[in-house]
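All remarks here apply to the structure that follows.
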Amino acid sequence: MATPRYTLTELMAVVAAREIADGEVVFAGTGLPMLGVMLAQRIHAPRCIIIFEAGTVASRLAHLPMSVGDPRVMRGAATAAGLMEVFTFVLQAGRVDVGFLSGAQVDRFGNINSTSIGSDPRRPSVRFSGSGGACDIACLARRTIIIAKHEKRRFPEKVDYVTSPGWLAGGTSRTESGLIRGGPSSVVTTMGVMRFRPENKEAYLASFHPGLTPQAVAEATGFPWAVTGATETPPPADEELRILREDVDPERIFLR
Amino acid sequence: MATPRYTLTELMAVVAAREIADGEVVFAGTGLPMLGVMLAQRIHAPRCIIIFEAGTVASRLAHLPMSVGDPRVMRGAATAAGLMEVFTFVLQAGRVDVGFLSGAQVDRFGNINSTSIGSDPRRPSVRFSGSGGACDIACLARRTIIIAKHEKRRFPEKVDYVTSPGWLAGGTSRTESGLIRGGPSSVVTTMGVMRFRPENKEAYLASFHPGLTPQAVAEATGFPWAVTGATETPPPADEELRILREDVDPERIFLR
Amino acid sequence: MAGKLMDLKAAAALVPDGATISIGGFTTQRHPMAFIYELIRLGRRDLYLFGHSPGGDWDILIGAGCVKRVELAYEADEAFNTVGPRWRRAVERSEIEWEDYSNFSMVARFTAGAMGIPFMPVRSLLGSDLIRQETLTPEQRFADPRTSPRKLHVMDSPFNPLDRVVLVPAIHTEFAVLHVQKATDQGTVRIEGQTFADVQQAMCADVVIVTAEEIVEDDVLRAEPERNPIPSLAVNHVCRVPYGAHPYAVFNYYDYDPLQLKEYHESAKDDAAYRRYLDRYVVGVKDQVGYLEAIGGSARLESLKAKPPFGYRPDLKRRV
Amino acid sequence: MAGKLMDLKAAAALVPDGATISIGGFTTQRHPMAFIYELIRLGRRDLYLFGHSPGGDWDILIGAGCVKRVELAYEADEAFNTVGPRWRRAVERSEIEWEDYSNFSMVARFTAGAMGIPFMPVRSLLGSDLIRQETLTPEQRFADPRTSPRKLHVMDSPFNPLDRVVLVPAIHTEFAVLHVQKATDQGTVRIEGQTFADVQQAMCADVVIVTAEEIVEDDVLRAEPERNPIPSLAVNHVCRVPYGAHPYAVFNYYDYDPLQLKEYHESAKDDAAYRRYLDRYVVGVKDQVGYLEAIGGSARLESLKAKPPFGYRPDLKRRV
């Protein structure tokens, strides 16, 4: 078997980067979102601004951080302060265009669980880290992009715990909850890209990754959804891969 | 007539300074309070800490400021920030021992008016600057010291507008209003020092300035109050006057 | 990159009649006076001002007839003048609409707006006439979305019914105008000394205009991001305006000007004298260069220059 | 003046069993680890921890059996380990009590406490199970004044009935413990880089203990008061603790230690291995000097030293 031209992580980073428009303010968490936003800055979105919740605005990263509290996020920052300044003056005030989220479970309306598995969160079978800033980003960014591993048990009909609200029960339920903006625009998975119909917030498959079929994606998903009409995800260009490997993550922190 | 050994302003500054204990945190406004706290620091209260509402903590003043926003308050400060940090982290959080206040009118319960004269504040006969931070200090310092010119019209039964709440209507009325601490401990006037009985917050004359009588003070006051039992204000010591004139205000900013 | 630098006159022209605006600084320091003078030259009318402790910046604007309504805590230059002369007359003659708050409650209102919440709870104001009295009528409030529908709201804490707080409503303005020490063409801003409420005023405004003593390279300010308290993404326009706060002080740059302040305050007590002051220093000169010439040019400015390490002028003659 | 300097062991001994405490830093930076190790050596029990995004500081304390209850948003070392191993086991085995919030809501709670108000309104949490689900029972809350009587309260704004916010209750702790770059015997504190929520955590505590890489002269820090964000009057005790945050990073001083973090995380997945880790690095050594020897002494520490102008170690081998 031939060595594939790119890994799944590389593909996902490239797909995530393409979701960011130039000039946008991006609230980035650790891992794939950092790869995505750094790649976007180096290709089509040189003026996008990175916000890290631990307290920095507009970093010019020289080295990939391993946490949002990493000293590396200080490099070239325009402002350094604390979480409160970022969460209020920037995020809650409506200045974040795109937030990235991930989690252990994602449901058909883009609700995310990163708290625990089991029906009673007081007696979980598996406990995770908890929300961190994810709930806040999900509530207050203008739109969110979700990164997820595509497995049937990770894409259930309903998540065990809504850590980060997506479109809730679809339709107008998000607005009715009192949330004033936001909602997931896409879910970049290991198998494809999920989006939501504007009129009712139902999930549909927008693209499937090279080598897969819509049917394969549907079978790896725990809820019924529209997968016809999906097109193949455009594969990473050589230039995207080169920049990702040589400039963004030469240490192979996340590209492993 | 012989030249008096000290001016009324000098006497009041000395009396105000004596109200400050060592180690106390003092919220100081422009004018006599600055003289008082700087004098106290140089005599009996070297560890008292000066807070200015425009954003500094623990200044080591080299020159008398002419406003709380004066660049002079930056000298030797331990922290410089903004009004919000001072009003919340320091004042509202209960860390200010003494606040100084002044105003155009003071009533028998130490309520102060620095807003306007007239029964309808929408159509005042005389308009002043307004509260500034005075209402906040009156509400939130552990105790306040009021500085006032003693004239009958300035000491009415009731002030035209309660800019800065004192003991309100006396008794427990201050606590009942929802205020969680504070209240005036003394009023240093051009004629003497007024204090308040702990049990019912009624004003009484604690001391009258040298050369005056309790009766003269009573006649210059617009409400009936207890003036018997008052003693003469101890006059400024030579050392107090020397420090005040030579170290605190050699430019004669307020000592005029 | 396009850059955010703009000419001062062009920046002032962005503010239309009837705009809501907050102005940086505190009584005697860091007011964007050159910008204020441009607003007067432009003859702006019906402005809505929001502030905590403004000084002559508001006073001269009010006197020039530019202002319709203010929400404030204090209007004076402290030891230089315990009440703004034009402010006082405008109120006593019913030429202006206003609402009184305290410094803390006004700054809390800016902070709520900056944070994106509808109100901020405070423990101040209780027992005072700032709660009981309102200068604006409910009709004035409801007729005009530029003012909060209510002055404030007293409530007991849902976590302890014996614990009372005052909710003060958030402020959002169309413009915030600040004067600072250093800024860059990318909108990075350095404030030296006290920040007053400049950060919150900036963050609750739709458009932020910064006038600065110096324009420096962006990398210079990015070397110490802890000292740049306003996220650059919130700053829209940056103007280079040396001595832009005169006659007020700018920490590390120059002191307040006691001569000019005295002349202003004495003039402003009298209608005709105030008009002459305006003619001589503001409307009778073309721009900031003309203003600096009129007040005495480089000789006067040199006499105000700050001395390290003080950040002000220790030998300044202040009682003139 | 008496000065606020104190020996680390004496400072740790101030914290009694059952104390409420918040610990500074964020996931991989500026945790007061040397102080944490002392608490473990002292065998403290039943601690109540309040935090936003702690990392191994909490994880090792929880594993050592020091903790009764936590209120938090996140417990992990981010890319080094996506969930704290001891935290995870303690929850899954019901060995600990906890309540879940988000980072913003926890920091808002610290801020409310620091500001002296009973709650802070936020627009987050709505629609999530962080609102609908509570881990602590009402009985647990009412029986214990160390926890707020209610998790949160949803309300509509009195200024606009269509505007909904969540009020999150203020936090007050008996202790806050921070690790910073520089401090003085007068309690003046310099934080370089991100401040996280250290300032608010300090201001809502009865007793603030600061451990610092360096003790410097008070005048040095007072020369730049804009960079000292914690009013010194709130700081009670200052301890000199070089490498006090190891294995976590301190901006401008040293980087995180990937070898040590890997050893901790791998050990902490297994009860016996975790015990051996504790024995080897914490309870089996007398103090911070012993700890630094055990982790490899000056050779290891030298390899982590930050390089100007980065403030971290650009050539650090991070995937080990």
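Note that the chains take the letters A, B, C and D in the order they are written out, and that residue 1 is the start of every chain.
The rule is short, and it goes like this: a residue touches a chain if its C-beta (ideal position, glycine included) is under 8 Å from a C-beta of that chain, and two chains touch if they have at least 3 such contacts.
The shown structure was predicted, so the numbers you read here are calculated from the model rather than taken from an experiment.
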Check: So which chains are sitting against subunit A and subunit D at once?
Finding: C
Next item on the list: Report which of B-C and A-C is connected by more C-beta pairs in contact.
Entry: B-C
Item checked: Chain of greatest Cα-centre distance to subunit A -> B
Note to self: Between subunit B and subunit C, what distance separates the C-alpha centroids? Give it in angstrom.
What the structure shows: 27
Note to self: Please tell me the distance, in whole Å, between the geometric centres of subunit C and subunit D computed from their C-alpha atoms.
What the structure shows: 39
Check: Using mean CA coordinates as chain centres, what's the subunit A-subunit B distance in Å?
Finding: 57
Next item on the list: Would you mind listing the residues of subunit D that make contact with two or more other chains?
Entry: 116-117, 122-123, 165, 193, 195, 199, 226
Notebook entry, point to check: So which stretches of subunit B touch two or more other chains?
Noted result: 56, 74, 80-81, 92, 140
Next item on the list: Based on the touch definition given at the start, go ahead and assign the chain network to line, ring, star, complete or other.
Entry: other
Check: Which two-chain combinations qualify as touching?
Finding: A-C, A-D, B-C, B-D, C-D
Check: Where on subunit D is subunit B touching in the complex?
Finding: 1, 114-117, 186, 188, 199, 203, 218-219, 221-222, 225-226, 228-234
Notebook entry, point to check: Of all residues in subunit A, which touch subunit D in the complex?
Noted result: 30-31, 52-56, 62-63, 66-75, 80-84, 87, 91-92, 115-116, 121-136, 138-140, 161-165, 168, 173-174, 177-180, 251-254, 256
Note to self: For the complex, give me every residue of subunit D touching subunit C.
What the structure shows: 116-123, 148-150, 153, 155, 157-160, 163, 165, 167, 169-170, 191-193, 195, 223, 226-227, 309
Notebook entry, point to check: Touching subunit B in the complex: which residues of subunit C?
Noted result: 25-30, 52-53, 72-80, 82-84, 87-88, 91-92, 94, 100-105, 107-108, 111, 122-130, 132-133, 135, 154, 164-165, 193-200, 249-252, 255-256, 306, 310-312, 314, 318-319
Next item on the list: Within their complex, state which residues of subunit A touch subunit C.
Entry: 25, 47, 49, 56-58, 60, 74, 76-81, 85, 88-90, 92-95, 140
